[in-house]
(Lines give C-alpha, C1' and ligand atoms only; values in the text may rest on other atoms or scores of the structure.)
Protein backbone atom coordinates (compact mmCIF):
# COMPACT_ATOMS: atom_id res chain seq x y z
CA UNK A 1 0.00 0.00 0.00
CA UNK A 2 1.47 3.32 -1.05
CA UNK A 3 1.82 6.31 1.28
CA UNK A 4 -1.00 8.17 -0.44
CA UNK A 5 -3.34 5.23 -0.02
CA UNK A 6 -2.53 5.01 3.69
CA UNK A 7 -3.72 8.56 4.22
CA UNK A 8 -7.22 8.04 2.84
CA UNK A 9 -9.79 8.54 5.57
CA UNK A 10 -11.73 5.36 6.40
CA UNK A 11 -14.72 4.97 8.69
CA UNK A 12 -15.87 1.52 9.83
CA UNK A 13 -19.54 0.65 9.39
CA UNK A 14 -21.18 -2.60 10.47
CA UNK A 15 -24.18 -3.90 8.54
CA UNK A 16 -27.14 -4.53 10.89
CA UNK A 17 -30.58 -5.93 10.04
CA UNK A 18 -31.90 -2.36 9.76
CA UNK A 19 -29.62 -1.82 6.73
CA UNK A 20 -30.71 -4.87 4.75
CA UNK A 21 -33.78 -5.69 2.70
CA UNK A 22 -35.70 -8.83 1.77
CA UNK A 23 -33.24 -9.42 -1.08
CA UNK A 24 -30.73 -10.31 1.64
CA UNK A 25 -28.45 -7.38 0.84
CA UNK A 26 -27.97 -3.79 1.97
CA UNK A 27 -30.81 -1.60 0.67
CA UNK A 28 -29.45 0.62 -2.11
CA UNK A 29 -30.33 3.94 -0.48
CA UNK A 30 -28.42 3.06 2.71
CA UNK A 31 -25.06 3.57 1.01
CA UNK A 32 -25.84 7.30 1.05
CA UNK A 33 -26.34 7.05 4.83
CA UNK A 34 -23.04 5.24 5.24
CA UNK A 35 -21.26 7.85 3.13
CA UNK A 36 -22.69 10.69 5.18
CA UNK A 37 -21.48 9.07 8.39
CA UNK A 38 -17.98 8.94 6.90
CA UNK A 39 -18.11 12.60 5.78
CA UNK A 40 -19.32 13.63 9.25
CA UNK A 41 -16.45 11.76 10.88
CA UNK A 42 -13.95 13.11 8.34
CA UNK A 43 -15.09 16.62 9.27
CA UNK A 44 -14.92 15.78 12.98
CA UNK A 45 -11.36 14.46 12.54
CA UNK A 46 -10.48 17.92 11.20
CA UNK A 47 -11.93 19.53 14.31
CA UNK A 48 -15.40 20.51 13.07
CA UNK A 49 -18.59 19.49 14.82
CA UNK A 50 -21.58 20.19 12.56
CA UNK A 51 -23.87 21.32 15.37
CA UNK A 52 -21.22 23.86 16.44
CA UNK A 53 -20.80 24.99 12.81
CA UNK A 54 -24.49 25.90 12.69
CA UNK A 55 -24.43 27.73 16.03
CA UNK A 56 -21.07 29.45 15.74
CA UNK A 57 -20.46 29.93 12.04
CA UNK A 58 -24.04 29.89 10.77
CA UNK A 59 -23.21 27.40 8.03
CA UNK A 60 -24.65 24.04 7.01
CA UNK A 61 -23.36 21.66 4.37
CA UNK A 62 -26.12 20.24 2.18
CA UNK A 63 -25.91 17.55 -0.49
CA UNK A 64 -26.63 18.99 -3.94
CA UNK A 65 -25.86 15.95 -6.05
CA UNK A 66 -24.88 12.34 -5.63
CA UNK A 67 -24.16 9.40 -7.87
CA UNK A 68 -23.67 5.79 -6.94
CA UNK A 69 -22.32 2.81 -8.82
CA UNK A 70 -23.23 -0.50 -7.21
CA UNK A 71 -20.68 -3.22 -7.98
CA UNK A 72 -21.24 -5.99 -5.44
CA UNK A 73 -23.78 -6.26 -2.65
CA UNK A 74 -22.96 -5.78 1.03
CA UNK A 75 -24.64 -8.37 3.21
CA UNK A 76 -25.98 -8.68 6.75
CA UNK A 77 -23.22 -8.64 9.38
CA UNK A 78 -20.53 -7.48 6.93
CA UNK A 79 -17.86 -5.17 8.30
CA UNK A 80 -17.38 -2.28 5.87
CA UNK A 81 -15.01 0.64 5.48
CA UNK A 82 -16.23 3.86 3.95
CA UNK A 83 -13.57 6.12 2.47
CA UNK A 84 -13.77 9.89 2.17
CA UNK A 85 -11.57 12.01 -0.10
CA UNK A 86 -11.91 15.54 -1.44
CA UNK A 87 -11.96 15.31 -5.22
CA UNK A 88 -12.32 19.03 -5.78
CA UNK A 89 -12.60 22.00 -3.47
CA UNK A 90 -14.51 25.06 -4.69
CA UNK A 91 -15.41 28.34 -3.02
CA UNK A 92 -18.90 27.22 -2.00
CA UNK A 93 -18.85 23.48 -2.60
CA UNK A 94 -16.85 20.31 -2.02
CA UNK A 95 -16.83 17.30 -4.33
CA UNK A 96 -16.18 14.07 -2.47
CA UNK A 97 -15.13 10.72 -3.87
CA UNK A 98 -16.11 7.86 -1.60
CA UNK A 99 -16.03 4.09 -1.67
CA UNK A 100 -17.81 1.48 0.39
CA UNK A 101 -15.41 -1.42 0.81
CA UNK A 102 -15.80 -4.84 2.43
CA UNK A 103 -13.24 -4.92 5.23
CA UNK A 104 -12.47 -8.64 4.89
CA UNK A 105 -10.94 -8.33 1.41
CA UNK A 106 -11.05 -4.60 0.57
CA UNK A 107 -13.41 -5.34 -2.34
CA UNK A 108 -15.08 -2.15 -3.54
CA UNK A 109 -18.84 -2.68 -3.21
CA UNK A 110 -20.03 0.78 -4.17
CA UNK A 111 -18.38 3.87 -5.65
CA UNK A 112 -19.97 7.19 -4.70
CA UNK A 113 -19.56 10.83 -5.75
CA UNK A 114 -21.18 13.51 -3.62
CA UNK A 115 -21.23 17.29 -3.91
CA UNK A 116 -22.00 19.25 -0.75
CA UNK A 117 -22.69 22.97 -0.84
CA UNK A 118 -22.02 25.38 2.00
CA UNK A 119 -25.19 27.34 2.76
CA UNK A 120 -26.23 30.02 5.24
CA UNK A 121 -28.05 28.23 8.08
CA UNK A 122 -30.72 30.92 8.10
CA UNK A 123 -31.44 31.68 4.46
CA UNK A 124 -30.19 28.31 3.09
CA UNK A 125 -28.50 30.25 0.28
CA UNK A 126 -24.99 29.24 -0.88
CA UNK A 127 -22.14 31.13 0.76
CA UNK A 128 -18.35 30.73 0.71
CA UNK A 129 -16.89 28.05 2.94
CA UNK A 130 -15.32 29.87 5.94
CA UNK A 131 -11.55 30.33 5.58
CA UNK A 132 -10.70 28.44 8.77
CA UNK A 133 -12.59 25.41 7.54
CA UNK A 134 -10.92 25.52 4.12
CA UNK A 135 -7.50 25.68 5.73
CA UNK A 136 -8.19 22.63 7.86
CA UNK A 137 -8.83 20.61 4.71
CA UNK A 138 -5.38 21.26 3.23
CA UNK B 1 -68.99 -6.02 10.82
CA UNK B 2 -70.67 -3.93 13.52
CA UNK B 3 -71.26 -0.20 13.23
CA UNK B 4 -68.51 0.58 15.74
CA UNK B 5 -66.02 -1.47 13.78
CA UNK B 6 -66.90 0.30 10.55
CA UNK B 7 -65.96 3.62 12.08
CA UNK B 8 -62.42 2.66 13.00
CA UNK B 9 -59.94 4.76 11.03
CA UNK B 10 -57.80 2.72 8.64
CA UNK B 11 -54.82 3.86 6.59
CA UNK B 12 -53.42 1.69 3.79
CA UNK B 13 -49.68 1.02 3.76
CA UNK B 14 -47.83 -0.98 1.12
CA UNK B 15 -44.67 -2.88 2.08
CA UNK B 16 -41.74 -1.90 -0.15
CA UNK B 17 -38.18 -3.25 -0.13
CA UNK B 18 -37.15 -0.33 2.09
CA UNK B 19 -39.39 -1.71 4.87
CA UNK B 20 -38.01 -5.24 4.90
CA UNK B 21 -34.84 -6.80 6.25
CA UNK B 22 -32.65 -9.77 5.36
CA UNK B 23 -34.99 -12.01 7.35
CA UNK B 24 -37.49 -11.48 4.54
CA UNK B 25 -39.97 -9.64 6.76
CA UNK B 26 -40.76 -6.06 7.76
CA UNK B 27 -38.08 -4.71 10.11
CA UNK B 28 -39.56 -4.48 13.62
CA UNK B 29 -38.98 -0.74 14.08
CA UNK B 30 -40.89 0.09 10.88
CA UNK B 31 -44.25 -0.67 12.51
CA UNK B 32 -43.76 2.53 14.52
CA UNK B 33 -43.30 4.43 11.24
CA UNK B 34 -46.47 2.87 9.83
CA UNK B 35 -48.42 3.77 12.97
CA UNK B 36 -47.26 7.36 12.84
CA UNK B 37 -48.39 7.65 9.23
CA UNK B 38 -51.85 6.47 10.33
CA UNK B 39 -51.98 8.91 13.27
CA UNK B 40 -50.94 11.75 10.95
CA UNK B 41 -53.70 10.86 8.48
CA UNK B 42 -56.23 10.39 11.30
CA UNK B 43 -55.39 13.93 12.45
CA UNK B 44 -55.57 15.23 8.87
CA UNK B 45 -59.00 13.61 8.45
CA UNK B 46 -60.13 15.69 11.45
CA UNK B 47 -58.87 18.85 9.74
CA UNK B 48 -55.48 19.27 11.39
CA UNK B 49 -52.26 19.62 9.45
CA UNK B 50 -49.30 19.23 11.79
CA UNK B 51 -47.17 21.88 10.13
CA UNK B 52 -50.04 24.36 10.54
CA UNK B 53 -50.47 23.30 14.19
CA UNK B 54 -46.87 24.30 14.88
CA UNK B 55 -47.15 27.64 13.08
CA UNK B 56 -50.64 28.65 14.16
CA UNK B 57 -51.19 26.96 17.52
CA UNK B 58 -47.57 26.54 18.65
CA UNK B 59 -48.15 22.89 19.56
CA UNK B 60 -46.42 19.67 18.63
CA UNK B 61 -47.44 16.13 19.51
CA UNK B 62 -44.52 13.97 20.63
CA UNK B 63 -44.46 10.26 21.41
CA UNK B 64 -43.76 9.63 25.10
CA UNK B 65 -44.26 5.87 25.20
CA UNK B 66 -44.95 3.02 22.83
CA UNK B 67 -45.38 -0.71 23.11
CA UNK B 68 -45.60 -3.26 20.35
CA UNK B 69 -46.66 -6.87 20.26
CA UNK B 70 -45.53 -8.68 17.12
CA UNK B 71 -47.84 -11.57 16.23
CA UNK B 72 -47.13 -12.47 12.60
CA UNK B 73 -44.64 -10.97 10.18
CA UNK B 74 -45.58 -8.65 7.34
CA UNK B 75 -43.74 -9.48 4.14
CA UNK B 76 -42.47 -7.71 1.03
CA UNK B 77 -45.28 -6.47 -1.21
CA UNK B 78 -48.00 -7.04 1.42
CA UNK B 79 -50.88 -4.57 1.46
CA UNK B 80 -51.51 -3.52 5.06
CA UNK B 81 -54.11 -1.48 6.91
CA UNK B 82 -53.11 0.48 9.98
CA UNK B 83 -55.90 1.35 12.39
CA UNK B 84 -56.01 4.34 14.71
CA UNK B 85 -58.32 4.69 17.71
CA UNK B 86 -58.24 6.94 20.76
CA UNK B 87 -58.09 4.69 23.83
CA UNK B 88 -58.02 7.54 26.32
CA UNK B 89 -58.02 11.28 26.01
CA UNK B 90 -56.34 13.34 28.73
CA UNK B 91 -55.73 17.05 29.16
CA UNK B 92 -52.19 16.94 27.78
CA UNK B 93 -51.93 13.48 26.24
CA UNK B 94 -53.67 11.01 23.97
CA UNK B 95 -53.39 7.24 24.27
CA UNK B 96 -53.84 5.50 20.93
CA UNK B 97 -54.59 1.86 20.25
CA UNK B 98 -53.43 0.79 16.82
CA UNK B 99 -53.20 -2.40 14.81
CA UNK B 100 -51.28 -3.31 11.71
CA UNK B 101 -53.45 -5.70 9.71
CA UNK B 102 -52.82 -7.66 6.52
CA UNK B 103 -55.42 -6.40 4.05
CA UNK B 104 -55.89 -9.75 2.31
CA UNK B 105 -57.36 -11.52 5.36
CA UNK B 106 -57.53 -8.84 8.09
CA UNK B 107 -55.05 -10.86 10.18
CA UNK B 108 -53.60 -8.70 12.97
CA UNK B 109 -49.83 -8.68 12.48
CA UNK B 110 -48.90 -6.21 15.19
CA UNK B 111 -50.75 -4.57 18.09
CA UNK B 112 -49.45 -1.17 19.14
CA UNK B 113 -50.14 1.27 21.99
CA UNK B 114 -48.78 4.80 21.71
CA UNK B 115 -49.04 7.79 24.01
CA UNK B 116 -48.49 11.22 22.46
CA UNK B 117 -48.09 14.33 24.57
CA UNK B 118 -49.03 17.83 23.50
CA UNK B 119 -46.03 20.14 24.00
CA UNK B 120 -45.28 23.81 23.42
CA UNK B 121 -43.40 24.02 20.09
CA UNK B 122 -40.97 26.51 21.61
CA UNK B 123 -40.20 25.18 25.08
CA UNK B 124 -41.13 21.54 24.37
CA UNK B 125 -42.92 21.46 27.75
CA UNK B 126 -46.31 19.74 28.07
CA UNK B 127 -49.33 21.97 27.67
CA UNK B 128 -53.07 21.31 27.40
CA UNK B 129 -54.36 20.16 24.04
CA UNK B 130 -56.14 23.20 22.48
CA UNK B 131 -59.92 23.09 22.94
CA UNK B 132 -60.70 23.18 19.22
CA UNK B 133 -58.55 20.13 18.64
CA UNK B 134 -60.14 18.24 21.52
CA UNK B 135 -63.59 18.97 20.19
CA UNK B 136 -62.74 17.63 16.76
CA UNK B 137 -61.84 14.28 18.32
CA UNK B 138 -65.26 13.75 19.85
CA UNK C 1 -50.11 20.00 -20.82
CA UNK C 2 -49.32 17.97 -23.92
CA UNK C 3 -50.61 14.45 -24.50
CA UNK C 4 -47.17 12.93 -23.92
CA UNK C 5 -46.86 14.70 -20.59
CA UNK C 6 -50.25 13.44 -19.47
CA UNK C 7 -49.12 9.87 -19.89
CA UNK C 8 -46.16 10.09 -17.56
CA UNK C 9 -46.65 7.77 -14.60
CA UNK C 10 -46.97 9.62 -11.27
CA UNK C 11 -47.08 8.15 -7.79
CA UNK C 12 -48.16 10.28 -4.80
CA UNK C 13 -45.90 10.31 -1.74
CA UNK C 14 -46.61 12.18 1.48
CA UNK C 15 -43.68 13.45 3.57
CA UNK C 16 -43.94 12.18 7.17
CA UNK C 17 -41.63 12.91 10.11
CA UNK C 18 -39.76 9.67 9.36
CA UNK C 19 -38.61 11.17 6.04
CA UNK C 20 -37.19 14.40 7.43
CA UNK C 21 -34.01 15.28 9.29
CA UNK C 22 -32.96 17.90 11.83
CA UNK C 23 -32.33 20.32 8.95
CA UNK C 24 -36.12 20.46 8.59
CA UNK C 25 -36.10 18.89 5.14
CA UNK C 26 -36.36 15.43 3.60
CA UNK C 27 -33.16 13.45 4.22
CA UNK C 28 -31.24 13.18 0.93
CA UNK C 29 -31.17 9.37 0.80
CA UNK C 30 -34.97 9.14 1.12
CA UNK C 31 -35.47 10.31 -2.47
CA UNK C 32 -34.14 6.92 -3.55
CA UNK C 33 -36.81 5.26 -1.40
CA UNK C 34 -39.51 7.44 -2.96
CA UNK C 35 -38.27 6.62 -6.46
CA UNK C 36 -38.31 2.91 -5.75
CA UNK C 37 -41.91 3.12 -4.56
CA UNK C 38 -42.81 4.78 -7.85
CA UNK C 39 -40.96 2.16 -9.92
CA UNK C 40 -42.68 -0.61 -7.96
CA UNK C 41 -46.09 0.94 -8.62
CA UNK C 42 -45.23 1.58 -12.27
CA UNK C 43 -44.42 -2.12 -12.59
CA UNK C 44 -47.60 -3.08 -10.73
CA UNK C 45 -49.65 -0.86 -13.07
CA UNK C 46 -48.26 -2.99 -15.93
CA UNK C 47 -49.42 -6.13 -14.19
CA UNK C 48 -46.22 -7.27 -12.50
CA UNK C 49 -45.98 -8.01 -8.80
CA UNK C 50 -42.33 -8.31 -7.80
CA UNK C 51 -42.87 -11.14 -5.32
CA UNK C 52 -44.62 -13.13 -8.07
CA UNK C 53 -41.78 -12.32 -10.51
CA UNK C 54 -39.32 -13.96 -8.12
CA UNK C 55 -41.49 -17.04 -7.55
CA UNK C 56 -42.80 -17.54 -11.08
CA UNK C 57 -40.16 -16.09 -13.38
CA UNK C 58 -37.10 -16.39 -11.11
CA UNK C 59 -36.08 -12.79 -11.81
CA UNK C 60 -35.28 -9.82 -9.60
CA UNK C 61 -34.58 -6.25 -10.64
CA UNK C 62 -31.64 -4.72 -8.80
CA UNK C 63 -30.35 -1.15 -8.88
CA UNK C 64 -26.90 -0.96 -10.48
CA UNK C 65 -26.47 2.80 -10.60
CA UNK C 66 -28.26 5.92 -9.51
CA UNK C 67 -27.65 9.65 -9.70
CA UNK C 68 -29.56 12.42 -8.01
CA UNK C 69 -29.63 16.16 -8.50
CA UNK C 70 -31.18 18.00 -5.58
CA UNK C 71 -32.76 21.30 -6.63
CA UNK C 72 -35.08 22.37 -3.83
CA UNK C 73 -35.83 20.70 -0.52
CA UNK C 74 -39.04 18.81 0.21
CA UNK C 75 -40.39 19.59 3.68
CA UNK C 76 -42.44 17.90 6.38
CA UNK C 77 -46.06 17.33 5.36
CA UNK C 78 -45.44 18.14 1.68
CA UNK C 79 -47.48 16.21 -0.86
CA UNK C 80 -45.15 14.97 -3.60
CA UNK C 81 -45.51 13.25 -6.94
CA UNK C 82 -42.81 10.90 -8.14
CA UNK C 83 -42.65 10.31 -11.88
CA UNK C 84 -41.36 7.20 -13.60
CA UNK C 85 -40.36 6.97 -17.27
CA UNK C 86 -38.26 4.50 -19.21
CA UNK C 87 -35.35 6.40 -20.71
CA UNK C 88 -33.80 3.39 -22.38
CA UNK C 89 -34.67 -0.26 -22.53
CA UNK C 90 -31.88 -2.79 -22.99
CA UNK C 91 -31.82 -6.58 -23.07
CA UNK C 92 -30.86 -6.95 -19.42
CA UNK C 93 -31.35 -3.47 -18.00
CA UNK C 94 -33.76 -0.55 -17.83
CA UNK C 95 -32.71 3.08 -17.46
CA UNK C 96 -35.33 5.15 -15.67
CA UNK C 97 -35.69 8.92 -15.56
CA UNK C 98 -37.57 10.07 -12.50
CA UNK C 99 -38.52 13.34 -10.85
CA UNK C 100 -39.72 14.17 -7.39
CA UNK C 101 -42.18 17.04 -7.73
CA UNK C 102 -44.04 19.13 -5.16
CA UNK C 103 -47.73 18.56 -5.87
CA UNK C 104 -48.83 22.06 -4.91
CA UNK C 105 -46.94 23.80 -7.74
CA UNK C 106 -45.30 20.97 -9.74
CA UNK C 107 -41.86 22.34 -8.83
CA UNK C 108 -39.17 19.76 -9.54
CA UNK C 109 -37.37 19.13 -6.24
CA UNK C 110 -35.09 16.31 -7.32
CA UNK C 111 -34.12 14.76 -10.66
CA UNK C 112 -33.10 11.11 -10.54
CA UNK C 113 -31.64 8.58 -12.99
CA UNK C 114 -31.68 4.92 -12.04
CA UNK C 115 -30.49 1.81 -13.87
CA UNK C 116 -31.99 -1.50 -12.81
CA UNK C 117 -30.61 -4.80 -14.01
CA UNK C 118 -32.59 -8.00 -14.42
CA UNK C 119 -30.86 -10.81 -12.53
CA UNK C 120 -31.50 -14.49 -11.90
CA UNK C 121 -33.10 -14.72 -8.43
CA UNK C 122 -30.91 -17.69 -7.60
CA UNK C 123 -27.48 -16.84 -8.96
CA UNK C 124 -27.95 -13.06 -8.97
CA UNK C 125 -26.30 -12.97 -12.40
CA UNK C 126 -27.69 -10.71 -15.14
CA UNK C 127 -30.13 -12.37 -17.51
CA UNK C 128 -32.40 -11.05 -20.27
CA UNK C 129 -35.64 -9.43 -19.22
CA UNK C 130 -38.42 -11.96 -19.96
CA UNK C 131 -40.22 -11.26 -23.24
CA UNK C 132 -43.67 -10.88 -21.65
CA UNK C 133 -42.36 -8.22 -19.33
CA UNK C 134 -40.65 -6.33 -22.16
CA UNK C 135 -43.84 -6.35 -24.19
CA UNK C 136 -45.86 -4.89 -21.33
CA UNK C 137 -43.53 -1.87 -21.27
CA UNK C 138 -44.21 -0.90 -24.87
CA UNK D 1 -19.94 2.91 40.38
CA UNK D 2 -20.56 -0.53 41.84
CA UNK D 3 -19.04 -3.69 40.42
CA UNK D 4 -22.39 -4.81 38.99
CA UNK D 5 -22.85 -1.52 37.19
CA UNK D 6 -19.39 -1.75 35.65
CA UNK D 7 -20.29 -5.01 34.00
CA UNK D 8 -23.30 -3.70 32.11
CA UNK D 9 -22.69 -3.96 28.38
CA UNK D 10 -22.60 -0.59 26.62
CA UNK D 11 -22.44 0.12 22.89
CA UNK D 12 -21.62 3.60 21.60
CA UNK D 13 -23.93 5.13 18.98
CA UNK D 14 -23.45 8.48 17.32
CA UNK D 15 -26.51 10.45 16.17
CA UNK D 16 -26.25 11.36 12.48
CA UNK D 17 -28.66 13.38 10.36
CA UNK D 18 -30.26 10.14 9.18
CA UNK D 19 -31.46 9.47 12.75
CA UNK D 20 -33.15 12.82 13.32
CA UNK D 21 -36.43 14.33 12.16
CA UNK D 22 -37.75 17.81 11.44
CA UNK D 23 -38.50 18.23 15.16
CA UNK D 24 -34.72 18.44 15.61
CA UNK D 25 -34.55 15.25 17.66
CA UNK D 26 -33.98 11.54 17.07
CA UNK D 27 -37.04 9.97 15.39
CA UNK D 28 -38.83 7.80 17.94
CA UNK D 29 -38.60 4.55 15.98
CA UNK D 30 -34.80 4.83 15.68
CA UNK D 31 -34.31 3.89 19.34
CA UNK D 32 -35.35 0.36 18.37
CA UNK D 33 -32.60 0.37 15.74
CA UNK D 34 -30.04 1.56 18.27
CA UNK D 35 -31.14 -1.14 20.74
CA UNK D 36 -30.81 -3.85 18.13
CA UNK D 37 -27.28 -2.74 17.31
CA UNK D 38 -26.42 -3.08 21.01
CA UNK D 39 -28.01 -6.55 21.27
CA UNK D 40 -26.11 -7.65 18.15
CA UNK D 41 -22.83 -6.45 19.63
CA UNK D 42 -23.65 -7.96 23.02
CA UNK D 43 -24.14 -11.30 21.24
CA UNK D 44 -20.95 -10.82 19.23
CA UNK D 45 -19.02 -10.08 22.46
CA UNK D 46 -20.17 -13.52 23.68
CA UNK D 47 -18.80 -15.11 20.52
CA UNK D 48 -21.94 -15.39 18.41
CA UNK D 49 -22.22 -14.01 14.90
CA UNK D 50 -25.85 -14.00 13.81
CA UNK D 51 -25.14 -14.97 10.21
CA UNK D 52 -23.18 -17.98 11.46
CA UNK D 53 -26.03 -18.87 13.87
CA UNK D 54 -28.38 -19.13 10.92
CA UNK D 55 -26.00 -21.22 8.81
CA UNK D 56 -24.57 -23.45 11.53
CA UNK D 57 -27.26 -23.72 14.19
CA UNK D 58 -30.35 -22.96 12.06
CA UNK D 59 -31.63 -20.41 14.58
CA UNK D 60 -32.71 -16.78 14.32
CA UNK D 61 -33.69 -14.45 17.13
CA UNK D 62 -36.79 -12.39 16.35
CA UNK D 63 -38.35 -9.56 18.34
CA UNK D 64 -41.78 -10.57 19.70
CA UNK D 65 -42.50 -7.53 21.85
CA UNK D 66 -40.97 -4.18 22.68
CA UNK D 67 -41.87 -1.24 24.86
CA UNK D 68 -40.23 2.17 24.98
CA UNK D 69 -40.45 5.03 27.45
CA UNK D 70 -39.13 8.27 26.04
CA UNK D 71 -37.81 10.59 28.77
CA UNK D 72 -35.64 13.19 27.05
CA UNK D 73 -34.82 13.65 23.38
CA UNK D 74 -31.49 12.74 21.81
CA UNK D 75 -30.28 15.37 19.38
CA UNK D 76 -28.19 15.60 16.22
CA UNK D 77 -24.50 14.86 16.86
CA UNK D 78 -25.10 13.47 20.38
CA UNK D 79 -22.84 10.64 21.49
CA UNK D 80 -25.01 7.94 23.06
CA UNK D 81 -24.43 4.70 24.94
CA UNK D 82 -26.90 1.87 24.60
CA UNK D 83 -26.93 -0.68 27.40
CA UNK D 84 -27.93 -4.33 27.12
CA UNK D 85 -28.83 -6.57 30.04
CA UNK D 86 -30.67 -9.87 30.26
CA UNK D 87 -33.70 -9.32 32.50
CA UNK D 88 -34.96 -12.88 32.22
CA UNK D 89 -33.79 -15.93 30.38
CA UNK D 90 -36.36 -18.53 29.31
CA UNK D 91 -36.11 -21.72 27.31
CA UNK D 92 -37.13 -20.13 24.02
CA UNK D 93 -36.94 -16.40 24.74
CA UNK D 94 -34.79 -13.68 26.25
CA UNK D 95 -36.14 -10.53 27.90
CA UNK D 96 -33.72 -7.62 27.59
CA UNK D 97 -33.67 -4.39 29.56
CA UNK D 98 -31.95 -1.61 27.66
CA UNK D 99 -31.32 2.07 28.09
CA UNK D 100 -30.26 4.77 25.67
CA UNK D 101 -28.04 7.19 27.58
CA UNK D 102 -26.41 10.47 26.60
CA UNK D 103 -22.67 9.88 26.96
CA UNK D 104 -21.88 13.42 28.12
CA UNK D 105 -23.82 13.17 31.39
CA UNK D 106 -25.19 9.59 31.47
CA UNK D 107 -28.75 10.97 31.39
CA UNK D 108 -31.21 8.21 30.49
CA UNK D 109 -33.02 9.35 27.34
CA UNK D 110 -35.06 6.23 26.67
CA UNK D 111 -35.81 3.03 28.60
CA UNK D 112 -36.54 -0.02 26.48
CA UNK D 113 -37.74 -3.59 27.12
CA UNK D 114 -37.44 -6.13 24.32
CA UNK D 115 -38.33 -9.80 24.13
CA UNK D 116 -36.59 -11.88 21.48
CA UNK D 117 -37.68 -15.39 20.65
CA UNK D 118 -35.43 -18.13 19.30
CA UNK D 119 -36.98 -19.58 16.14
CA UNK D 120 -36.05 -22.25 13.62
CA UNK D 121 -34.54 -20.44 10.63
CA UNK D 122 -36.49 -22.64 8.25
CA UNK D 123 -39.96 -22.94 9.78
CA UNK D 124 -39.79 -19.73 11.86
CA UNK D 125 -41.37 -21.67 14.75
CA UNK D 126 -40.08 -21.18 18.33
CA UNK D 127 -37.46 -23.66 19.46
CA UNK D 128 -35.23 -23.89 22.53
CA UNK D 129 -32.16 -21.69 22.60
CA UNK D 130 -29.17 -24.00 21.91
CA UNK D 131 -27.35 -25.06 25.09
CA UNK D 132 -24.00 -23.61 24.04
CA UNK D 133 -25.56 -20.21 23.53
CA UNK D 134 -27.35 -20.31 26.89
CA UNK D 135 -24.11 -21.20 28.66
CA UNK D 136 -22.30 -18.26 27.11
CA UNK D 137 -24.84 -15.89 28.64
CA UNK D 138 -24.17 -16.99 32.22
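For clarity, chains are labelled A, B, C and D in written order, and residue numbers in each chain start from 1.
Everything below uses one rule, namely that a residue touches a chain if its C-beta (ideal position, glycine included) is under 8 Å from a C-beta of that chain, and two chains touch if they have at least 3 such contacts.
What you see is a predicted model; the values in this text were computed from it and never measured.
Peer 1: Considering only mean CA positions as chain centres, point out the chain farthest from subunit B.
Peer 2: A
Peer 1: Give a one-word verdict, same or different, on whether subunit A and subunit C use largely identical residue numbers at their interface, taking over half shared as same.
Peer 2: same
Peer 1: At what distance in angstrom does the C-alpha mean of subunit C lie from that of subunit A?
Peer 2: Those two chain centres are 24 Å apart.
Peer 1: For subunit A and subunit B, let me know how many angstrom lie between their CA-based centres, rounded off.
Peer 2: Between these chains, centre-to-centre, one finds 34 Å.
Peer 1: Can you list the residues of subunit A that touch 2 or more other chains?
Peer 2: 17-18, 23, 29, 33, 36, 75-76
Peer 1: Chains as vertices, touching pairs as edges: which of line, ring, star, complete or other describes this one?
Peer 2: It is complete, because no pair of chains fails to touch.
Peer 1: Can you check the complex and tell me which residues of subunit B touch subunit A?
Peer 2: Subunit B reaches subunit A through residues 17-18, 20-25, 27, 29, 75-76.
Peer 1: Can you list the residues on subunit D that touch subunit B in the complex?
Peer 2: That would be residues 23, 28-30, 32-33, 36, 60, 62-70, 73, 124 of subunit D.
Peer 1: Can you tell me which positions in subunit D touch subunit A when the two form their complex?
Peer 2: Per the stated touch rule, the residues are 14, 16-18, 33, 36-37, 40, 49-51, 75-77.
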